[in-house]
Each structure stands twice: as structure tokens, then as C-alpha cells.
Amino acid sequence: VSPKATTAAEKAEILVEALPYIRRFWGQTVVVKYGGNALAAGATGTHPLASFATDVVLMRSVGMRPIVVHGGGPQIGELMARLGKVAEFVDGLRVTDAETLDIARMVLVGKVNRDIVSAINVHGPLAVGVSGEDAGLISAEARDPHLGFVGDVAGVNPDILHSLMAENLIPVVATIGSDGTGQAYNINADTAAGALAAAVDATKLVYLTDVDGIRTDRHDPATRLSTVTTAQLAAMVDSGAVDGGMIPKVRSCIEAVKGGVGSAHVLDGSAPHALLLEIFTHEGVGTMVAQP
Amino acid sequence: VSPKATTAAEKAEILVEALPYIRRFWGQTVVVKYGGNALAAGATGTHPLASFATDVVLMRSVGMRPIVVHGGGPQIGELMARLGKVAEFVDGLRVTDAETLDIARMVLVGKVNRDIVSAINVHGPLAVGVSGEDAGLISAEARDPHLGFVGDVAGVNPDILHSLMAENLIPVVATIGSDGTGQAYNINADTAAGALAAAVDATKLVYLTDVDGIRTDRHDPATRLSTVTTAQLAAMVDSGAVDGGMIPKVRSCIEAVKGGVGSAHVLDGSAPHALLLEIFTHEGVGTMVAQP
Amino acid sequence: VSPKATTAAEKAEILVEALPYIRRFWGQTVVVKYGGNALAAGATGTHPLASFATDVVLMRSVGMRPIVVHGGGPQIGELMARLGKVAEFVDGLRVTDAETLDIARMVLVGKVNRDIVSAINVHGPLAVGVSGEDAGLISAEARDPHLGFVGDVAGVNPDILHSLMAENLIPVVATIGSDGTGQAYNINADTAAGALAAAVDATKLVYLTDVDGIRTDRHDPATRLSTVTTAQLAAMVDSGAVDGGMIPKVRSCIEAVKGGVGSAHVLDGSAPHALLLEIFTHEGVGTMVAQP
Amino acid sequence: VSPKATTAAEKAEILVEALPYIRRFWGQTVVVKYGGNALAAGATGTHPLASFATDVVLMRSVGMRPIVVHGGGPQIGELMARLGKVAEFVDGLRVTDAETLDIARMVLVGKVNRDIVSAINVHGPLAVGVSGEDAGLISAEARDPHLGFVGDVAGVNPDILHSLMAENLIPVVATIGSDGTGQAYNINADTAAGALAAAVDATKLVYLTDVDGIRTDRHDPATRLSTVTTAQLAAMVDSGAVDGGMIPKVRSCIEAVKGGVGSAHVLDGSAPHALLLEIFTHEGVGTMVAQP
Amino acid sequence: VSPKATTAAEKAEILVEALPYIRRFWGQTVVVKYGGNALAAGATGTHPLASFATDVVLMRSVGMRPIVVHGGGPQIGELMARLGKVAEFVDGLRVTDAETLDIARMVLVGKVNRDIVSAINVHGPLAVGVSGEDAGLISAEARDPHLGFVGDVAGVNPDILHSLMAENLIPVVATIGSDGTGQAYNINADTAAGALAAAVDATKLVYLTDVDGIRTDRHDPATRLSTVTTAQLAAMVDSGAVDGGMIPKVRSCIEAVKGGVGSAHVLDGSAPHALLLEIFTHEGVGTMVAQP
Amino acid sequence: VSPKATTAAEKAEILVEALPYIRRFWGQTVVVKYGGNALAAGATGTHPLASFATDVVLMRSVGMRPIVVHGGGPQIGELMARLGKVAEFVDGLRVTDAETLDIARMVLVGKVNRDIVSAINVHGPLAVGVSGEDAGLISAEARDPHLGFVGDVAGVNPDILHSLMAENLIPVVATIGSDGTGQAYNINADTAAGALAAAVDATKLVYLTDVDGIRTDRHDPATRLSTVTTAQLAAMVDSGAVDGGMIPKVRSCIEAVKGGVGSAHVLDGSAPHALLLEIFTHEGVGTMVAQP
């Protein structure tokens, strides 16, 4: 058998595998959380942000409705340092005072969000940056008065997302929320992504992180789980098998799936086209969390 | 590099290659001519009709609008033989008298058409058999009074096809036409496929045949053309480079493309998933005829 | 009073009688079962098929939505005879083996159905032939494994009929059904007509037969009932007053009316314009079966 | 042949004759001018207004859109007499002063219009009385300052008629017009009917009068013309063959047909169901004016 | 502070006050009862009918949907006097015989209604006169056989009002009702206005009268109530605090508000632009009746 | 006359004045340029931003479609100073290098835009922040390579604005543009406001500045022009009568009006409710630029 014949048969096999997924996900909404670390890590040869933007545009091109949610911790820290702003602490917890909030908002809405929108819009006028403050998207409430303007999600009004998706646009969401008086709050992006996914009845919630999924032994890549149920995952949290840094993501996965999202996924955002492979192939490349 | 990693990268590459085609052809109409020979040839291990039906269903599943057109020469001959009907000739040409027409119509509409519809409907209630007589689809006129009820296409009213496609159904067309008095005629299926493709503003017209495309030297597979312009192809007909049996297909390709069809394709219908590979990959597996 | 004045008054009277029926039936669906006998009987001066086609077209012209359902027993028998196919019997019952089914399907879909479509389409591109296999219209199941491919109606998906009627087309249905594997079955046309009428919420189900209605004494035309309730009719079946050959039609009438069809009718299909007179006049010309 | 059989055949014949007209006129607008004389003549056994109302309701029931336009000269004269109002004359022409206009408006809008609406609404809530002043339906201008508030049609805004017909309502129009200052004018109903018919693109304009049509010799009923072209009719007016009292109707017929109305008709409104017979039979009962 | 600066600030204040009302009432329906007395009183310098018409047109211009309902007692009495018609009495109550009804109908539909329509239509083709007989708007029943054709409201079919309002037209309603036989009845306009307001789910029902609202002491203008609940008002009726002539209006106010109308208002129709001030300012100029 | 009576009459007068403007501007788009100076000036008792937000919300509440465009020069300067960033100059012109652009974008999109959105959203979830980069809103090109990322408007795609307005949302636009490669540019906000107004076919373009309009003698408030034509204004620019700082606004006014915008306005943004008074009163409070 010649290499070329092989290729034709292989291509046919992959198409026959992928086409039913494409059919199934047509018109479905997928919330993708893209981390600030991934952005910051863009030093290697292939630019991860550009690769990510390509995947998002391809998903949309076959009828899916991606919503990108992002954080930006490293970038906020950087500007604070440049401005000589020293973090305050109360009872050992970092406080977000008015100035810190202003800095965080400038960085998230005016810098990180813009960079993602730009990367997508190289492919055409497709992305629109949105802050949680816009059109009442994310209603926030203070987590703890001593912590200042750190907020929890009190409610989500997804109308603006639906309007944009109805125009075939890709919303890119910075997770600043606001309360009834117009006061803004900084919201954890992992948590906000889960709340948004539930509010838009997303089919999938995908976390692009710096690990390749959830492992039973966090030090052994061979123990990555391809799929896991919410119950199993909750047990892993209880038993301490889940890494501390993964806990907010893992909790959001569990809550989102319980709240009606079809499945949640944890992938390595730096693997090329991880998003496409996870969505359009049987095997996937990360961990899928689903109802039992 | 492990085989698995290779596969992931390869899969990603094929997806990145195929997704833009899927996007481009969403909502586009493709007329596929499926030959009676292909049907009759179903003796090998993999059933070509079942494979063909799978491809048609997958095309539809990603938003394309396939229309299947078929002939049935061998099957008509078989029933005529069983009924002891001997072909008449006038001036050396075969005559279609009323009884022959009745037999052809029973075989095409009541047998071949039904077999294709059944093969597709294994995947769900997707296909609908249509005769060119239905709702005025194919208006026919006699080619030559001495030949009886052999017809040429005098006009096409594609409303019924549009209605069925608007319901996401797959029309399967038997090429019997009728004139204003209700008289039926047998129409050459290759020619009818071209006329239908032009009438529905098809993006593609695909002939599934028993050769793998158009060759500059018909005896040398290595001379298959991947693409050819209508002008080049017309020159090949004039120079005799095109096989006699290919001439009606080739002429229909040229006319269809000149009539506004985006491109015409000649493929080997017995190659597994030839249809998918031709449509969703850069290289294709047959010959594409396009405007210069 | 001059003859002409009389005629004007009479015409006015008939119009005043008919117009309210026309109003009432506008947009309503009527399933008309046209028998194979009626087709075969076309030897007399006026062609019954042409007269039937005119009536169907006129019904449609005043806003009704006719669906024609047909059988073809005599025509199937004729082709079997020509092919030298001898009927098999199991326990005294005729068996439909694969070859018989193929013959039945060719005759019903490829011949009888075509002839009716052609007769209607003399008036314009109005009729579309449909087999119960198309788009899952009639799901069938085997009646008895020993009888081969004789099927009962297991379900009806009327979407294709609604789509065609929405385009002001007249569906002409051959009663071949299929199961989930794509296997076809021959279905009794009287029974199928009743099931289709119930599935499309028809206002009327009309059997065009070779008798002028239901009689209390089958040998005395004077005992024809103009209207009869389902209860009375069931009693007549029990008492043996109904002719054996009429029993499938009568049972279908009762079931259809119980299943929500407004009324069922038995008419003599050979009487000129029997269909129009039954529908648009007070008195009618056959027997109407209705709820008590 | 028994009388009953004859009747069935005759009925069938009339239905076959009428149904194509019903099809043709579905959704078409017909303006019917009903004269004040006809109303006043309601002393005979069958009440002409009730018969007229039945015809209008039947026309609507088969999808036509009737608009009734009426005058009321005799009824205006009667109230003027009761109020002791003596007609003024200027240069031998009757003058409509403010008081006369008030009387005319009360009688036309508050009496004659109401009586017609009531007669129709016995059949259901179908008719709505409209004055030409409503929603700018008829813009009027003074014919001659010496004649006071006698108006000519300066323009028609048919929106209110289209709105009512879109709700399947039957407008009944009293022909009072108004100018930009809100001043009302009395308009000749024959002329107004023609202008309204042209403005709504009516298919037919029908005058129900006290003669049975247009005759070449006005004293000889046998000379009634079944159809006449606008050119022939204009010649008849020039030659004096048309009766003086008929001239406004005849001129309106000619103008309406030239202005795009399909045909105009003059009928005897006292003949039972004259309207139905003229519209739904080949022969008609009056005179039809059409383009050559 | 200069006078002009004052005016700008004042204007801004009034706009800031009025705009939220305009927003709130956009698309809302308001039934305005305009009394025959107001019409008759048009002898002073500023014409109250013209001022009223301006207010109605302005309400409509900012998106409200006004419906005008009117009476006409004085005008009916005047025509009866001119015709020498003497009122009949039975048991001390005035009887409406057929002739009186005819006169009332001519005056209400053919005179008062027309005058209001004309006054509005000076601003454009906006108003349409409607009688309660049209399209079954007001179904009536006899109040008492001895009183002849005096009717009570038996039902309201508001479809015609909704149709006209959907075209941005202003219905002007004369309160003649009819029963199933087409017999007309004269209906009290205050009562009819309340029934119509409930039937169209009006936001407001406004009575324009000759007093400036409801007073606790009817002789002391200073005791006018700005708002009053239905319960308080019912108590005032019981205690005799409400004037006899006001009782039908007051009862209709109570019933309308209980029937779902947002609020009812009693204003002095002769005060310039009373309607606008009541609707678009905090304070209003009459009495508002609302749910507790 | 009592003070209160006066007030009622005055209120009525102002309502009668304002309502026709409200009618006229229903559904119309108004682009309002809000300057960075106005924002920075928020030190006085009444907060100008809050007053501005109220006006914008009130405009929307009566059906207008406001679009807010803003600059932020002072705020950008402030952050640059804090970051110790010193402006570069080339040939005496300030250069926007990559870092300056980043700062400008953070301030405009992440700070000024957010503050305006928040002030509006105190009234409800109405405003949505938009950058010119979103969905291809503002295509930019470099003004001069030596100046770095200072851009001119190369094109406007207003789809995103129409989508948001169709949902009754208020777009708040930061004037960052981007080119085909995703490179961002800082655009002059006055110029961008004019280009956006022309692109959305705005009825009005309003500049809220720190002067009360255009004066023939810039030092004499009494010489403010209430209206001026584009030709007169162009002459004033040529003659030097227009202040240097006003020239970009004045040029944009002229271009916008020539480009189809109904009128352009220059107002003092610090005067309370200047926006409402200019739009809803005859006299206005600034200068209106219109076609001759």
C-alpha cells in the first residue's frame, strides 16, 4: 500500500469520525476559559494565542457558538508592580481596594480582553469584547467587606451574549461584575466561566490550562482520566487527590454539569489544536467531566 | 515521537484542512449522479451502495444539500429479458415503445430508486424518491419520433426539490420526464443530472463512475488530471482524447459549469468514501472541472 | 316561466347550497382511497381516471387538500403472471416472498402511482408520487413471519405529506412501508388509507369503490344508507349485514372516525363526479359514516 | 332517467362550472355599489336587502373580499321633507348648504349605512360601516362654489379598507368625503364606487341597479348585451343609445376598467342572487364591461 | 438669575418629570369618554373640541393608543324637537321607540361621531368612526321591555378596536349596540366606556366632564380629591357624598378598575389640555381612582 | 392668576412644545460625543456624568437610540505620568509608540468607557461598552509612519451598533480602531464620532463640550449662533472666526451634515440637561449646524 493510499483512507476515517460530532454540535454553545498563564506563556515558537484563535474561529465556522472567558492575574500583577502599588492584606488575605480594582479593570478589559479580540479578528470582524458590567451580564456582590472589591457572582443575565451569538459574533468576556449601584467587582474567572456556561445552557465548558487533564496521581501523566463523573470527581476532591490549584476549576466543572451543562473539560491549552481534538474526536486529549 | 502523538497531530491537521470546506459548503446544493453500474456491482465485500448512502448522509449532516440522480440501464435490460421483450431498432437505433417505457419506468421508479431510498433511510427518514414526472420536475420532448419515448430535457421546474431540501430531506431522482399531455419519456440520466444541477444552482455536480477521473491517456492511470478547465476539456473531446463512453458525462460537465454550477467532478464510485474525500480535502481523489 | 329563468334560479339554489360547504372545507385535508379495480375498469367511454383526476384538481382549486391513496392488486397479478411467478401459500395463505415484493413495489410505485400522477398532472404540475418508504411515511412490521413481506402499519410520520400540501401539491401514496432496517413491506391500501387519514387529522376519508355505499340489504340498492353512525355500522358487521369484501373498508371507516377523522364515506367511484357531489351537496351520493 | 339522477348530473355540471370561478376569485376584491332605490324598494315578499346581504356573505365565505358602497338619495329627501327643509337652487342646480349636508350625512352614515351593516351582521360580526371621512379614505374638493358642499373625489387612501379586509371584515362605505380642513362633502355614490374600485385594484366593480344590464335599445329587454367593451360602450354614450340615468354608472364603468379594474358589471339588484350568478357562472345575468 | 435661565431650568424639570410617564404609557391604551355637553358647550373663545382633538393626537404621537367614546344626549334632544317627536314615558321612564332609536342613531353615528372624527382628522387621516354595531363591537340586550330600545352591554368584542389601533388609527366610538337579530339599542355612553376599557385592557379610563374631579363636599372646589381608592369611593357613594349626576361615571370607574383597568380619572374637559396634564405630570388636574 | 394655575398652563405649553419633537425623534439615532474634559471636571456639586447619564437614559426611554462616543486625553496623560512614560516627539509631533498605545487603550477601554457604562447602568442594564476594534467597527490606517499608532478612520462597519440598538441597548464607544493585521490605533474621538454618525445614518450628532456653542466672536457669549449652515460655518473657519480648539469638532460637524446626518450640535456639557433641552425644545441651548 502506497503512503498516499494510506493517507486517503486515513483521511476518510477521520472525516467519518469527525462529521457526526460536527453535526451534533451545530448551533451548540461552548464556553471556553482561556487562562492568563496561557497568554503570558507566548514565548515559544508557535504562538499559543494565535493557535487558540484559529481553533475558536474554526469551531464557529462549523456552526458552534463559542464564548471565550478569560482571566489575567499575571498581567494585573505586572501593572501593579510598575505603578508601585503594594498589595494590602487583611487577616492574611489580599485586599482589592479601589485603586487595585481600577488597575485590574484596566488590565482585564483594556489589555487582556483586547489582545484576545485582536487575535481572533485577524480572521475577520468576529469577536466582541464584553465586560461583565455590560448590559447587566454579571451581577456581583462583595465576598467579604474586609477584602474590598472582590466579588462573587450573584446573578447572570445572558441576554447580551445571546444577542451577539445571534449575529454570529464571538463574545470575549472579562470577568468584572457590578452591583446595583454601579460599583464594580473583580470576579474569579474560573468561577465566572462556570456560571456563564450554566446561564447560557452551554453544551460544553472547557478549561484551557497548563496541565493535560485530571490525574488520579497528579505527578504521573499516565494517570490522566479520559472521562470522570461528577461523583467520582467530588470524591477525589474530598480525598485530596486533586491539586490545590485545580480545585476552583474542578468545583466549577462539577457545579456546571450539575447545573445543566452537558460536559466540562480540562485540557492543556498549549497543545496545538487541543480544543478541536477534544471536541471532534472520539478519544479527546484531556479529561471530560460528565453526569454519571 | 510516539504513534499516538503523531495521530493527534495528524488528526488536527486533517480537521484544520476539512473545517473550512465544511464551512464553505454549508447550505450548498450538490447533485450526485449515481450510476446503475455501481448499483449492479455490489458483489464485493464492502457494499458500495451502503458506503455511498453513508457519505450522502454525512454530507447532509454537515449542512450540505445533496440531490441524488440515478440511472438503471442494466436493471432495465434484465427485466426486459425476463419478460421476453426484444428490443426494436429503427435505422440501427434502439426504439423505446410504450411497453419498453412502462418497463423502464417500473424499474427506475419502482426498483432502483426504491433501493437507493432504502439504503439512505437506514440512517433515518431522510430520503424521498422523486420521478421527473412529479410536480413538473422534468419537462420532456421526444428526441426523434422514430425512437419512440426517448426524451430530451425541455425544461426543469426545481420547486419540488427546493421544498424537499427545505425540510432537510434528500431527493433521489429517477429521470423519467413528461410532456404537457402527461406522456412519459425516458431521459438519459447523465444529461438530466447536469440539467438539474444547473436548475438548482448547485455548487457541485459529481459523477460517480467506474473510472477514477479524466485522463489525458485513457490507458494510463498516472495521467489522471486533478483539475481541468472547460476549455481544456472541450479540446480533449475534439482531439479524441476522451473515451467514447465518457462523452455524455464530459459534455454535461462542461455545460453545467458553463450554466453556473461551481464545479463538476468525475470520481470512482467504488473507492470508499470517494465523495467525502473529493469534497472535504485539498487534493481530492478524482478530476474537477471548473471555469478557467 | 321560461326554461332559462328556471335554470338561473336552479343554479342560484345550487350555489347557495354549495358555497357554505366550500367555506367549511377550505384548508381541510381529505384522504381519498382510489381502488385498483377502478383503474383497471377504464374501458368504457368516459375514462373514470380522468374524471377522478378532474374532481381532485377541483377540490384543490377551492382550497381543500386532497391526498390520494391507491392499491393495485389486479395490476400486480398481471405482472406476476407475465413473469411466470406462481404464488406460494403457507397454511393456505398467500406468501409475499422477496421477488413478489419486488414485483408489487415496481407495479405500485412504478406503474399505478405513475398513472394517477400523470392523469392529475395533465391539469398542471400538481401531483407528486410518494411511497410509504419515503421520509419514514409508513413504518411497517411483519404481520406474520410465515407470510413474508406482508406488513401492518406500525406508525405514520406524516411530515412529508404536510410539506407537500403546504406547497399546494397533491400527494399520491403507494402503500409500501418499511421497517428500521430498510426492509420494505406490502401494506393493504384500505387499511393504510385509514391510518394516514388519522395521522393527518383529515376532515374526511373517502373510499371510491365499485358499490354506491353501504346497504342494509347488500342486494337491494334501495337500502343504501345516506348516513350511519360508527355504532350502527359496528352492529351491522357483527350481524353479518356487511359484505365480506367491504369489511376492511368498513373497519377502517370506524377506526378512522374514532381516531378523530370527521367522517368517512363510501362512494361508487365510477359515477361521474361522485366525489364532488358527496362533498359539496346536502344529500350526497354514497354513505357517510360519522360519530353518533 | 329518473328526475333525481338528472339532478345529480346537473348539480355536478354546475359545480364543475362554478369551482374554477371560485378558485380564480379567491382573495380578489369586488366593489359592489348598492343603490338607495334598491333599499327603498324593500316592500315585496322577499326582502332584497336580506338577499343581497346573503350574497355578500357567501362571496366572502369563499375567499372574496367584497366592499359595499351605497347611496341614499330617496332617504335623504325623506328626512329633508320631514324637517321642512326646502331645496335651494342656483342657476337651476340644487345647492347643498351646511344644513343639507348635515342631513345627508346623518341619513347616509347614521341610517342607510347602519341598515346595510345590520343586515349583513345577522350572519355574524362581519360588516363595519365606514364613511369616506374616516382615516382619509375619500379626499374631496368642491365641484362648484355655488353648489355648496357637493364634492368630487380628489383622492382615495384605501389603507383603512385594506386593514379591514385583512381582518376578513366587509367594509360598507358611505360616500361622504372631506378636505384638508375637515369640511365634509356629499359625493355621488356611483362615481365614488368607481374611484374606490380603482384605488383598491378591484377585480370587479358591480352596480346593482333597477335594470338588468345595458341594452342597445333601452326599451327592448331582448337587446341586453352580455358583454361589451369600453370602446363600444363609449360609442353608445356618444350615439345616445345609453339612457340618461345610466350615464354616470356607464362612465364610471369605463373609467374603472381603464384604470385597471378587471371588469365592471351592471345587474338588476332585485333579481334573487343576481350577484352570485353573475360572478360564478359562464353566462351571467347582466352586462359585463371589459377591455377589448 | 435671568428669566430665560429660569425658563431653561424649568423646562428641563418638566421634561424630566414628563419623560418617564411617556415611557411608561408607550403602547398603552387609554379610553377617553368625551361628553355631549362638552361638545355642545363650544361657544367660548377657545374651541374645546379642537383643544381636545389636539390632546388626543399628541397622546397618539408619543405612542399611546387613545380610544374616544362619546354620547350625545343634547344633540339627540334637539333633533327630536325639530322633528316634533314627543318623548313617551312608561311608569315615569322615557321610552326609546323605533323612531327615537333611529333619530338617536342618526345623531350619534351620523353627526356627533362625525364632528369628533373631523376635528381629529384636521391633524391627518387618523380617526375612524365606529358604531358599537360594527363587527360585533357591543352586544346589547334590552334593559326592560317597557323602555323599548334602551340597551345594556351584554358583551364586547374588541377585535375591531385592536385592528384599528394596530394601524395607529384612533377609534371614535358611538355607543349603539346590537343583538343577534341585528336590532340596534341605544347604550349609556358612560357605562359603555367602562365596559370597553375593561375589554381592551386599558391602562386608563378618563371621563372628561364639566367638573374638575370628585369632591368630598361637592360644593367646595377645595375638597377635590387628587386620588381615591375604589373602596373609599364606594363608601362615598353609599354615604351620599357623590352627586347624583356623577353616579354612573363613578360606578363605571369603580367597575373598570376592579375589572383590571389601571386607573380611572375624572377631569374638567373644558380646562385647556387637561388630558395631557393629568397623564404626563405627577400632580394631575382631576381625580384618579385606583386600587387600594 | 394664582401661581399654581400658571404652572399648569406653563406645563401644558411645554408639553405641547415637546411632544411633537418626541414623536419626530422616535426610533431615530443620535450620536453624542462626551469629552474627557467633562468627565474630569466632575468636581462640582451636581455630578455632570450622572446628569449626562440621566439624559441619555431619558432619550432612550422615549424611543431614541443614543450612541455615546468618548475620548479621554486627560486620563491617558495622567496614567502616563504615573508610569513615568515621557512623550516622544518627531518633527515636533507627539508619537504614539506601542507602549503609549497600550496605555491609551487601557485607559479608554478599561477605565473611561467603564465609568460611563457604570453611570448609565445605575438606571438598569442598558449600556454596553464597545471598542472600535470589536466586530470590525472602526477600520484604521496609520496617519503617518513617524507618528506611530495614531490612526485615521479608514472605514466603519456599524453592524454591531445596529445589533445592540435593536436590543434597546446603548452602545458606549471607545475610539480605538484596528487594521487588517489586528494592529490597534488610537483615533481622535471627535473625528470618529462624525464618521460613526454618518455610518449609522444618525439624525443628530451632538458634541458636549465646555463652551455653549459656536460664536461669531469667540470672546462674547452674546454672539452665540442658535443655528448656522454648513456653508456659513465653513466660511467662519476660513476667516479664522472659529477657535483653534474647536476646529476638529467644527469640521466633523460640516462633514457629518454633508454626509447625511440631519443636524450637528455643539452644547455646553456642564449645563444641566443641556442634551434634553437642545433636542426637545424649539429654542435649544447651543448651536445647531444644518444644511442651508
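Side notes on the structure shown:
Each chain carries a letter (A, B, C, D, E and F) given by its place in the written order, and its residues are counted from 1.
Going forward, a contact is a pair of C-beta atoms (placed from the backbone, for glycine too) under 8 Å apart; a residue touches a chain by one contact, two chains touch by 3 or more.
Here the structure is a predicted model, which means the values were calculated and not measured.
Comparing the CA-atom centres of all chains against that of subunit F, the greatest distance is found for C. Distance from the subunit E centre to the subunit F centre is 46 Å, each centre being the mean of its Cα atoms.
One simple way to say how far apart two chains are is to compare their mean CA positions; for subunit C and subunit E this gives 61 Å. Centroids built from CA atoms put subunit F at 73 Å from subunit C. Multi-chain contact residues of subunit F (touching two or more other chains): none found. Because contacts link each chain to exactly two others and close back on themselves, their graph is best described as a ring.
Each chain touches its two ring neighbours, and walking from subunit E in the direction of subunit F yields E, F, A, B, C, D.
The part of subunit E that touches subunit F in the complex is made up of residues 8-12, 14-16, 18-20, 22-23, 26, 54, 58, 61-63, 271-273, 276-277, 280-281, 285. Across the interface of their complex, subunit D is touched by residues 82-83, 102, 105-111, 113-114, 117-119, 121-122, 124-131, 133-137, 157, 159-160, 163-164, 166-167, 169, 176, 178, 180-184 of subunit E.
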